[in-house]
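What follows is a single structure, and I will ask about it in a moment.
Chain naming follows the written order as A, B, C and D, and within any one chain the residues start at number 1.
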């Protein structure tokens, strides 16, 4: 199998990796191959599979079942030993430097986020302020804050599985953003998560910006399905999807949404649900939905869905721009100026959106079990923000059932998720999901998609 | 006309621009609009037309006939005032920084090369050593030498007018070169001069190489027809084609040739003619002809032409690799190692190929007048190097007649160039040129090509 | 009073200061002015009193009794408000940048070391490995590790109160060390802690070393008495003297001891006690006692004291070099080469001396109360390392009684410390201390010294 | 003789040294040991004698009569072979980096200034504008212009032979200038040329200024007598004293004059003579005479001399500040703000004082032969600027007779210079010179001073 070419090598740290104590090294050594080790190995493999076209973690793990990784303490610092690693990460036996940096970001985050923090039961936090503090600390530990920089991080959301024309469009938008000096943050997989970075990079090159940031914000559950591209020069691994979403909206200064499937829909619901809160009414938050001409209908559909479910107020939170990368970039730039002014006026940090109010219902980890999915209240008369929270959870569960390891396994064992609720609303949801299936937005094209859910009308 | 959007602006220096004396500023001011000023204006316009799809200098000058540029001395240094400059060089009214840097390279080279040096009649030099010294000084003045760097400049030659598949291939080769840390130098126009830079840039990004060099080596006669892309981060303007060619082979450490037309053929003849000299026999000089699968026939044709005209010895100087970017990059890397070892063994500089012997016949400026073209000795019984020199001149004349301002003007006035010589040889030449016409390698596709030459069999 | 010129100002962070969370800021705000705040204020004042000639913390606090400091969260990050700060830290109303950096090191360490770590009762650790891990973490958090640098940190110990000739000598030695590229680490007060930095800085300048490290390692108990000079470009505040001493020997690669009083003697006892342990026998540890010609007798005295109390084996651990800065620097350089080789051979980190074995008796915080001082076992038949540990404690107590705030207060309340033990040994100790008094090594010259101890023979 | 310890070594370039062409190397090779070579050898020796206490070029040349230097072209660039070079420039066999950089500045300037420029007879220029352009070009070639930097170069003039208290004062002033971010430019010898640099360096260190400029402006005639200290990090060698003086006032933004002898007096006369010109009346030019308390009388004497010879208008051009480094630095800082504002208002460059008008009488090289000295018109009824020019020449001749190689030789051959003029004026001059002799400002203390001049009353 061609993807199975492998290389074994010893690699030295690159990037911001800190030195480790003897104690920390021993935690990662972990000969019993349980706990952190397996998480570490999986994330490392994802980073090394930088050219993979798969979006199936299990398949990837099978393909490189004999891959192994060991931490070695060495006189000049730390080293990693890679055994049977994917050959695509190497050039003439040497690990591509971008991959190397991302690999050591994995060491950093797995150690810090999952070892230090889990040790203190910090993930059981319930006070919203404590959760936000935890996110702040994880991002700070990863050096994600650059104090004096004015707001310029544009988060790009959108599908990992998009068509050629849509992909090209994400590059064009990224290029225009990059030409204007903006940095890009995405979920770090393929498709709409990769295109803006490629385009942004060329934009930066023309402007001679050498320290442009291409931030990939991921989580262990998804990283293997959406491998970070080596253009990502800051890889951040958050503990779960809820903390990842909160990181997007606190670290990023504006959001561009490209066409996508249920994951993208989850992100839109998340942001709308938060921005609907009265405490956030005055907060400027640039939020643009955009795609090429061929995506016009797609956005009409999304817009209608939002109007029907969350109302006209929700529709006012974003702007839809079709087929016009220059305008997208200019509007985003104007939006960022407003963000800057607002933060100055309210003495808020540029690098972290402390003022954004997030209700606990958007922070609380949602475990997409069959029970939890079935229990979701999907009723039109709920407060809009609460309905958005539940729609977010429903979409999150479908993403898990589609491509996250645990979710796929649960579907295999127990059959499809069942979603129920008020019939008219459920019909609306069904129609939207069916359109994602039809447009091949659920999984990478070529693979057959078998829905992981059933809508009970 | 959409290309005619213009912007007026005042721009500050960027890049390695030195400060100017009052005396130098006055030289560029030149109110009578003769001499340096018109050269300066034309090169500046070429740099500013960074997105143009034209390869016709005259057309460009007409399009922006009201473009003007002025030098202003200012308290913090030097400034340029641009009047009615092409809008594509600006983002929201601000000049793209890469364009800005290249613009000031124009100031630097026009001043230095054409003012200082012409002042001393240095262009009338006849001693080969003096010409080489002059080239050395121009390149040094432009900070093109980076002393301790091992050989890693790969010159990419090839057509400005190539097909989509060939273009993609030049990107792939550039990517593989970039991944291996090699820098790219081209003639800085579109097509095969742009592709390797785009690819190389992504390769560098993945390797976190922030100081990669993308050298554009041009000349006033061609710059308006082959505008430098803003990825070019070192723009060098040599006085004429002969000094430009010598710069390629003394500054570059290896050559990759992609498919192209008469310009590319000129370059191949130039390099073969030089390498055939006995003094260069031991000198390692990586020289690779490559293209995608669809270019296989093209290279067979070129190879046959070389065999028929310059013999088997000439064919041994290069290697042809079809459809294999990884092998091209690996072979080049191996070649550069040999160059490095040779320079070390012979205490030659890494940054300038002093040891390469170049006969005066390859240095002497060839003016492609109708007389000179007609007088070219194209006889198979000439010494091979001399024949190569004359074939080089013939091709050079055709390039001029196709796209250089003076040449196009001469053709308009006096009709086609007439080339004559030994009938069998002339048939060979005719066939090659006809194939260039047929493959649309003479001018950008879409434009009708009217040959500027006639072969007298 | 001239020292009382004050300035009030708002200052922005400099140096490696990380951004703070809302939670952390609130900890430092602390309106009740208890806990961290008073520690923070005292350390900040010490850093701001960069030109003070005092060695009396209480006097300093009195002098600037209306000094106040507040942390402000601000849109671009963190700010400090200084009220009635010593004018000597400012130039035309602006804080000297070196002072500014050190001030933010105080924020960093007070927060991290005293807040985070005390919160987890980490200072109650008893396992030697845990204590070492804690020290490692504090130093790492302060970015004190620079992974790939070969061993070149020379710790300079010696008195804060030394004569002009001795002071000049410490500069000369620092100059020779600096010329050889070595970095300097001291306790960061005046005298022998300042001289080597001044000299080293000039040495670095001549070698164009711009990133030379001048590390000041201090503790809250001593910082106000020994204010960091602004040449110190890495200020580290350790929780107590024992952790500070361990930091010296794990972070530093070699030790130079200049003449000094009981503090210096404490340091010598500490290092000898550790190096006497069989586990450290093979470990190379450059250890040089040196001073100008006039200090010859002083070192003979110290050497005799060590011989008499700890034996000939202890005397073999160090080398005494009189009046020869070049030889000191060359011997140190040779010693560092051995350290480098040893660390390589044993795969130990360059930046932290993991292999050095330290017994718990040298780690355990010694509280110099009257009871503890009186209870010290000072008997010649103890194991040598244990005797060294107790002599270290005795000297530590005398330093506290001389210049540390708590110690001075205890003496004021309860009278002199009483030291007792085997009569001959006690006579030896008495004689040594008397010589310190006579040579004005107890307190800065000019002030009258009233012994804080009594030896019971 | 202890100064005669020598080292032979091969050294690689450091600093801004450009690569050389084969042609340039051959010029410096020069086997006949005439021309450039001897100039080059002498300047190189001066740079290498960085710790010398001599101020006698001939003595230095004798001491190292077997010193030799050779240029070698090498694959990675240029190398110098040093044979029997002064040991003080080396640490453990390796050249101190600061010395190395200055050595390659010698290569650069000897080549450029004396080879390129003399080749074109540029030193025979008579048009003031051409001379200024030449100075501009030499400084630009040496990278002495940093375009966007606001005016902050303070030139410090003063004696090479000054007392301990005066020396310490120059350090204190340098320290205060450095604390305020100002850069220092001096004639690069000992005494008042070294002190401000040492002090400035500590000031920069405290402000964490790593790119501070310590510019040494010298000339071949004086360099061997006033060796550049290795703190000098930009060494500039001008062709003669007149171009050196013009460089001081065009490159520097303000002048501080410390006590000194005839050289300092020459500098004062030069600056006064220029500033007296009506064209310079509006030009802000900070000009401060300062010294410690013990120098009060000295400046009264100088001030009286200026009043008596050049009048009250001349006295208004400078300010005398006694024993107050902080005020000197603050006044200079205020002055530089005015310079900045003036240059902005008049669109003049920050890095070169184009607007300063300099009469040809101050540019014209004055050769201090016996004839020329005797012919100087020293008459009180001359226009003041002309008288200042002649007094400048007289002082210049005395400096030459004291310490410049040619001058010393001329005195040895032909006896003392004879100065004559209006009796009262000559008495004034005699008295001033006698006071220099008495205060040991003519030569380094310790050496006997035999006047090289006679005043004819």
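Criterion: contacts are C-beta pairs under 8 Å (C-beta built on N, C-alpha and C of every residue); 3 or more make two chains touch, one makes a residue touch a chain.
No experiment lies behind these values; they were computed from the predicted model shown.
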item: Touching both chain A and chain C (chains); value: none
item: From chain B, the most remote chain by mean C-alpha position; value: C
item: Approximate Å spacing (C-alpha centroids) for the pair chain B, chain D; value: 47
item: Mean-CA-position distance for chain B and chain A (Å); value: 44
item: Gap in Å, rounded to a whole number, between the CA centres of chain C and chain B; value: 64
item: Touching pairs - complete list by chain label; value: A-B, A-C, B-D, C-D
item: Contact footprint of chain C on chain D as seen in their complex; value: 14, 91-92, 96-99, 101, 179-180, 198, 201-202, 205-210, 230-231, 233, 330, 333
item: Sites on chain C touched by chain A in the complex; value: 13, 18-19, 21-23, 73-77, 129, 133, 136-137, 140, 145, 147-148, 343-344, 346-352, 354
